[in-house]
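Letters A, B, C and D mark the chains as written, and numbering starts fresh at 1 in each.
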Amino acid sequence: MDKPKSYCGVFGIYCNDKAAYNTYFGLHALQHRGQEAAGIVTRNINKGNIPVFSMHKNFGLVSEVFNDKLFQEKLTGDAAIGHNRYSTTGSSDSVKNVQPFLVNYRLGHIALAHNGNLTNAGSLRQELVNEGAIFQSSSDSEVILHLIARSRINNQVEQIKEALDKVKGAFSVVLLTDSSLVAARDPHGFKPLCIGKHNNSYIIASETCALDIIKAEYIRDVEPGEIVVIDDETVKTGSIKSFRLTEKPEHHSKCIFEYIYFSRPDSKIFDHNVDKIRRKLGKILAEKHPVRDKDGEKVIVISVPDSSNTCAIGYQNFLEKMGIHSKLEIGLIRSHYIGRTFILPGQLKRELGVRIKFNTVRGVLEGRTIVLVDDSIVRGTTSKQLVNLIKEANPKEIHLRISSSPILFPCYYGMDFPSKEELIANKLNNNIEEIRKYLDVDSVEYMTIDEMLSAMKDQEPTGFCTSCFSGKYPVSIDNSFRKEAYDN
Amino acid sequence: MDKPKSYCGVFGIYCNDKAAYNTYFGLHALQHRGQEAAGIVTRNINKGNIPVFSMHKNFGLVSEVFNDKLFQEKLTGDAAIGHNRYSTTGSSDSVKNVQPFLVNYRLGHIALAHNGNLTNAGSLRQELVNEGAIFQSSSDSEVILHLIARSRINNQVEQIKEALDKVKGAFSVVLLTDSSLVAARDPHGFKPLCIGKHNNSYIIASETCALDIIKAEYIRDVEPGEIVVIDDETVKTGSIKSFRLTEKPEHHSKCIFEYIYFSRPDSKIFDHNVDKIRRKLGKILAEKHPVRDKDGEKVIVISVPDSSNTCAIGYQNFLEKMGIHSKLEIGLIRSHYIGRTFILPGQLKRELGVRIKFNTVRGVLEGRTIVLVDDSIVRGTTSKQLVNLIKEANPKEIHLRISSSPILFPCYYGMDFPSKEELIANKLNNNIEEIRKYLDVDSVEYMTIDEMLSAMKDQEPTGFCTSCFSGKYPVSIDNSFRKEAYDN
Amino acid sequence: MDKPKSYCGVFGIYCNDKAAYNTYFGLHALQHRGQEAAGIVTRNINKGNIPVFSMHKNFGLVSEVFNDKLFQEKLTGDAAIGHNRYSTTGSSDSVKNVQPFLVNYRLGHIALAHNGNLTNAGSLRQELVNEGAIFQSSSDSEVILHLIARSRINNQVEQIKEALDKVKGAFSVVLLTDSSLVAARDPHGFKPLCIGKHNNSYIIASETCALDIIKAEYIRDVEPGEIVVIDDETVKTGSIKSFRLTEKPEHHSKCIFEYIYFSRPDSKIFDHNVDKIRRKLGKILAEKHPVRDKDGEKVIVISVPDSSNTCAIGYQNFLEKMGIHSKLEIGLIRSHYIGRTFILPGQLKRELGVRIKFNTVRGVLEGRTIVLVDDSIVRGTTSKQLVNLIKEANPKEIHLRISSSPILFPCYYGMDFPSKEELIANKLNNNIEEIRKYLDVDSVEYMTIDEMLSAMKDQEPTGFCTSCFSGKYPVSIDNSFRKEAYDN
Amino acid sequence: MDKPKSYCGVFGIYCNDKAAYNTYFGLHALQHRGQEAAGIVTRNINKGNIPVFSMHKNFGLVSEVFNDKLFQEKLTGDAAIGHNRYSTTGSSDSVKNVQPFLVNYRLGHIALAHNGNLTNAGSLRQELVNEGAIFQSSSDSEVILHLIARSRINNQVEQIKEALDKVKGAFSVVLLTDSSLVAARDPHGFKPLCIGKHNNSYIIASETCALDIIKAEYIRDVEPGEIVVIDDETVKTGSIKSFRLTEKPEHHSKCIFEYIYFSRPDSKIFDHNVDKIRRKLGKILAEKHPVRDKDGEKVIVISVPDSSNTCAIGYQNFLEKMGIHSKLEIGLIRSHYIGRTFILPGQLKRELGVRIKFNTVRGVLEGRTIVLVDDSIVRGTTSKQLVNLIKEANPKEIHLRISSSPILFPCYYGMDFPSKEELIANKLNNNIEEIRKYLDVDSVEYMTIDEMLSAMKDQEPTGFCTSCFSGKYPVSIDNSFRKEAYDN
């Protein structure tokens, strides 16, 4: 699919007799944030009061990586953290880069799961190596653990604060230590992270859908720049300990793409329902860029399932409100049986393309004016193929409406795009008419950055990162991290 | 999921230099008809003009069973057939029961893929065993091959006709021989089967969505009681050979559940668009059983995704037409990451239930009158759990609308239900009020059989099998087939 | 290794509460007879007095194919048969050809394990196919099961006799039925088969080493042309039922290669200790072809481990008896870690050759006159490489002594040689001097057929098959069996 | 088997276009030193003159861990090191403990393979952790890498020297860096390590049998306390660079068990042929503890194959020299098909015991006076079972002769024994008569330590470690290493 890739989802749970099972369910609910690999680390306080840590991680979906035997025999204990990782294209990647990372250091065990991307990992890694550190992975996240291990402070929370004060960029992290579950979010608040509770158990998760699946109640978000600590005292007193990172930026930089595409519509992130914001985007899109049938017939609004469904409803509802006759229809059927291993060799890829994933419902499209609502366009290749597929059903007209702005710049905080040269909007100089011609539709319209921000309900417009649209980067980038070099 | 299980999907292709690849894509498009296992048999006419047959089959999704190496090195040739098999609960099943079956007999090779269920396989098998036949599987379908192998006739098509004249029940079959692709449908026409064409290639498939994926054009259905033969002559002349089975029943008995639930909405089966009939079912359901908000507010119509989506649109559209204010919403989010291996141990199964598969979009449901549209109820357990899940979002009222009649009887022609005792409608004596109480909703309404049949557009109402609703079986049942006994 | 390949080993056990485990140990003891694949079929009389058969078979060593779970959960019951299969070079082979074969036919279950090769399987298979039989494998052994399944007789033992009277060639078979363990040996007695007993359990095995491993006592051989039946009555009365096949040839045709190479030295076969006969071969070889050091020093006798060890002892002992000063030494060390998967790509194969398997003990060989004793030479390639390896240790002279005659003809009764053209003795026209030159040794000597037969102790010389040496075939050959054609 | 376990074998090769293949063959030749796991690291200087390191390691035999694809696609390059690891009983062990270890540190890559056991790894590890080091494994060997990574010196060889000067105990190591192959042996010289050459390639190996397999010529041993460096200059000039570790102990402490049991008889270690010393041990054993038949008949000398074969020859030869009539025979046949996965459940283990591995050749043993020669006894359980097995063949008498002293103490330098309490000699207070009674033989005799040392040819008796016999430890032990604690 022609969409940006998220870097991952994280989950943690404390004081729960089914800690690993619930982490498994939580990761399953967060599966859309990363399908490449998954891992769980558990802490088991044994009879001698000794914390024993166990880990299992591998490539594959959550449901492929874990099995009952693991939960019953290995991943035991009452505290756990887990991590989902997105799918890289490279096959050379190794399981040693799959998180969580677990190490045993001077003050005991520490396990880490990280969502986001550090922007100064390269220089920090070089410094650490110069001091004799031996890195186990080529992941930027490992830097955090070495900073902790080398700290001369004798308090784990203070060590974590010291380490997180040194790293820059985007990080929503969960850490599991011998005595606590720790969660932290970078001062800019790029990536979401929330706190939940179920009976005596405390939960940390990237999105609230991971709380829902285990019946946990949403308490609040981990705030930008906050470190929260959950330990046995928290369980007894009900009080979550909170600490602050040193840096306090003027504005937050919440990733707006979380609302546009990444997060699940049934989640609440950054303290707002994704579903509502996505519907609002659809309404503004309709208001700014409505479509009318030239013969006065009903306009058919269809979405690219499933990510644009909510937005399409908002769009069609607003058309009605504007007095434009329209109908929401299911015009594209999507197959959900395409696993990671689906084969489609070169030549056939070009021939069959999106047919493997989508088919049209012809009766719905034939002879009609179609509004195809999509959340974003990256390369444009899938959109072009979809348009061709729809044309085989002989519609009257096809109008493409995008519920975000043209993507023009790379993201350094945790999204993975193809190279700038491959971005269709950049390639065609952000010329909408050129994009329309390329996609061969009757019209194509995007939203402006301001229109997007106006859909953010009562959230401050200055609180978002829009760098992939605007090129304005809230945190400076240190390009010295060289994953390829560290890989061998 | 609490739905009937289909027995399978079949596919065949002739005169195609990517026969196995295209069969793979066809089976992928038919994956909803069977997720347990898949198989492909290819025929390769080698340099010496000798037909060489190759076979690969295994448990798993189509994308898990096959790989590029297989297509490039083993499944070569210009003709192929394939089969998808549904998921049985028993773990004891063996790959020897996975189709296609391939044998080498007096007149050469023959491979078979069968959708449907034979009703006299038990007595035929006994006869054959008494004559010295050795069966390789415990499948009813193997009987057809032994009947062919034992035939004293010296023409393969006539052998196939002789064999199919002997078997009773439901069969849509594709067969591959040394020189032809043969397809046949039982005289009652229980299961769909269509013919397509792409350039010089001829295709046979359970549903037209398998033609669409490889860009083939729909030609026509294989008629009930028809045997079609596609061979090199067909390719040259464009003429498909057609033969008739001997039996000519007064009425056809097309499986109405294919329209209600099994087939994909983008398919045309029994010569009609599934999507249109499913929407029609929704409209009649709305007409007969509308829902109004007690406070005059908008009624929220939601579906159980994805199978009831089209029906819910039809329902909401008709409410509007009746002047009832309503809105179609996405109230349930379904996870598509649940593979065959998802773990949910006993106790957690009861606790978490449908949460693993569904989550609510709370903002959409809270304080509203909800119409939940579903296509059918089998045991009722999933419906009850879904209702409970929705209640957590605090709706005003919940009304359940089912686009079919109460399921009261077993199917002997190719659907798999739980035992009669587990069917909720049968258990509660088809008492709608009892079902309502059990599900704990404000109202529940089904369609009558006649209402369902009235949605079948211009198709004759007598042309359908409704035995799972009515108990009227169009073909008599011979219960002597004992899969368990044959299994060891 | 440059040795003939045996076709397999068979084992059966009746009335034993660890039937499958003991079959596993028996097959392990017979592993030298076949390392490609292994299988076990068990019979479990369940509570309802119904015989339930279970089967597991796969490619690999016995220890790789089976595991504890299989024995505890699947291969239960008090009777079992098993089979070891030798390693074919072709990779195309399929598990469906792995024995035992198990079928369910008119009179119940029957499982079969067969050692040997049928010489009229081709024509019998053609007849059966013409009558409508569907074969599951490309193995000659399956013919026996179809003959049984088609028999109109209503007594299983008589059916088995009828079937075995029809097949020609070499067969030592064990069969398991609903009520008995049956074993039979062809009238010529090509392959060994013995009967053992341990407490109440009866055992059938290819060699007595399979009795020893489970502490069973050797009772007697199954006689050539005999069918023995062991059932519940046998267990009660201690009486093994015995029947005779119809054919009674003038002479037996015991495979002399069983003594020369195939059987384990700790086994008794054809009622004689293999170890004793092998030592006798060594003594006769020394008597006929002694070696003396040209300088009157001690001659060093070494064997090609492990198959020639016993023979080398016999040889050296007789040299001493003849007054020739000699010493038995371990001059070659053999690695036992070479599994089926050992990699040795083309070029390196030529370079490294036997080094992968053997290394010399230089101190033993340097400056000495070496007698290298081997049991047989097939292609001569390994022998040549071994000679070169030994030369690197700078011996004074190398004399090769072979404890059998030159192999000149193919075997049709169950041994697998390379093609006649590849047999070194045939290639070089049975010219010993040419063979010596090719191997580049100081002398090479074989035994004559009569010398070999004279080592057979008190057994009649006419009782052996020597066809691979003499070309005299005791049973005529029907070459119409076409494994390759049946394979697809 | 009831034998001590070796800690491993190491191999390295420089300047060879088939470096990984040759390492594979070398490890195969050293397979007897460790069957649990294997690994290879290669260095490939790519076109840009950048050294790229690749690694593959896993549990299993060398032939199971590697495959052709790995050698062709991944393990490319002209320098490589490899490691074999012995079989631990614990199943909890993880692949991260399998060697070689490969890290990327300040001065580039470094890979390590280590044979032996460090005696101060516990305290060194604690120090390093206190300074912030993060360990990847629970292996003592990893300490060496951290010492190197932390060194402030800017020359790799000097860093290695600095690190190896800090560690105590037994180490024969090979290291691969960006520009050289380095090998070193601890100042006491516990474990063997030799240098070989083949054309332009230089080879390092634990034993010379690993040189033989790839046709390399033995040059000399790496000396105790020596570091040798092989780099591109060495290839050009033929000069191996040599450095000295600082410590220079008065005596060497070569492991005498290498001669008794560990090393292959075809190897030269510590500059002497293993085969010769093993034969000498047999001769002295015969001289000190001859056996005579009470009726003046020939005494039958048999070995426990294969490790005692050479010793048994020495024993029998000396009996003859002493005028005692005797004969060397193969009385025990050993199966070589027992892989790591052989199943033998509890009860059957007791019943069948050594039968799974050994069978007697009855004709050889019946009525005879048997001398059973074995190299060592650890627990005594296998010996007892072997004696029982031999008794079933009805010998006249059984005399056990052991070619080493009673094992009474643990080894801390790289051998793995069961706990002191399980050692039969220790358990029975080193009382030979008690051991005889326990084993139920007619006599049992060991060698004294001095007798063993007198077999060491021209090597100084003070040059050996005999601590497992004498309790005299040449290097002091720091017991603070806690593998279990590091494992989680």
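Quick note on the criterion: contacts are C-beta pairs under 8 Å (C-beta built on N, C-alpha and C of every residue); 3 or more make two chains touch, one makes a residue touch a chain.
Remember, predicted model here, so these are calculated numbers, not experimental data.
Chains that count as touching both chain A and chain B, per the definition above, do not exist in this structure. Between chain A and chain D the centroid-to-centroid distance comes to 52 Å (mean Cα coordinates, whole Å). In terms of their C-alpha centroids, the spacing between chain A and chain C amounts to 63 Å.
For the pair chain C and chain D, the distance between mean C-alpha positions equals 36 Å.
Pairwise chain contacts present here: A-B, A-D, B-C, C-D [touch as defined].
Remark: chain D residues 52-54, 103-106, 109, 129-136, 145-146, 149-151, 486, 488 touch chain A in the complex. Listed in rising order, the residues of chain A touching chain B in the complex are 18, 21, 24-25, 28-29, 31-32, 35, 61-64, 66-68, 71, 209, 212-215, 264-266, 273, 275-276, 309-310, 313, 317, 327-330, 333, 335-339, 341-343, 345, 348, 351-352, 355-356, 359-364.
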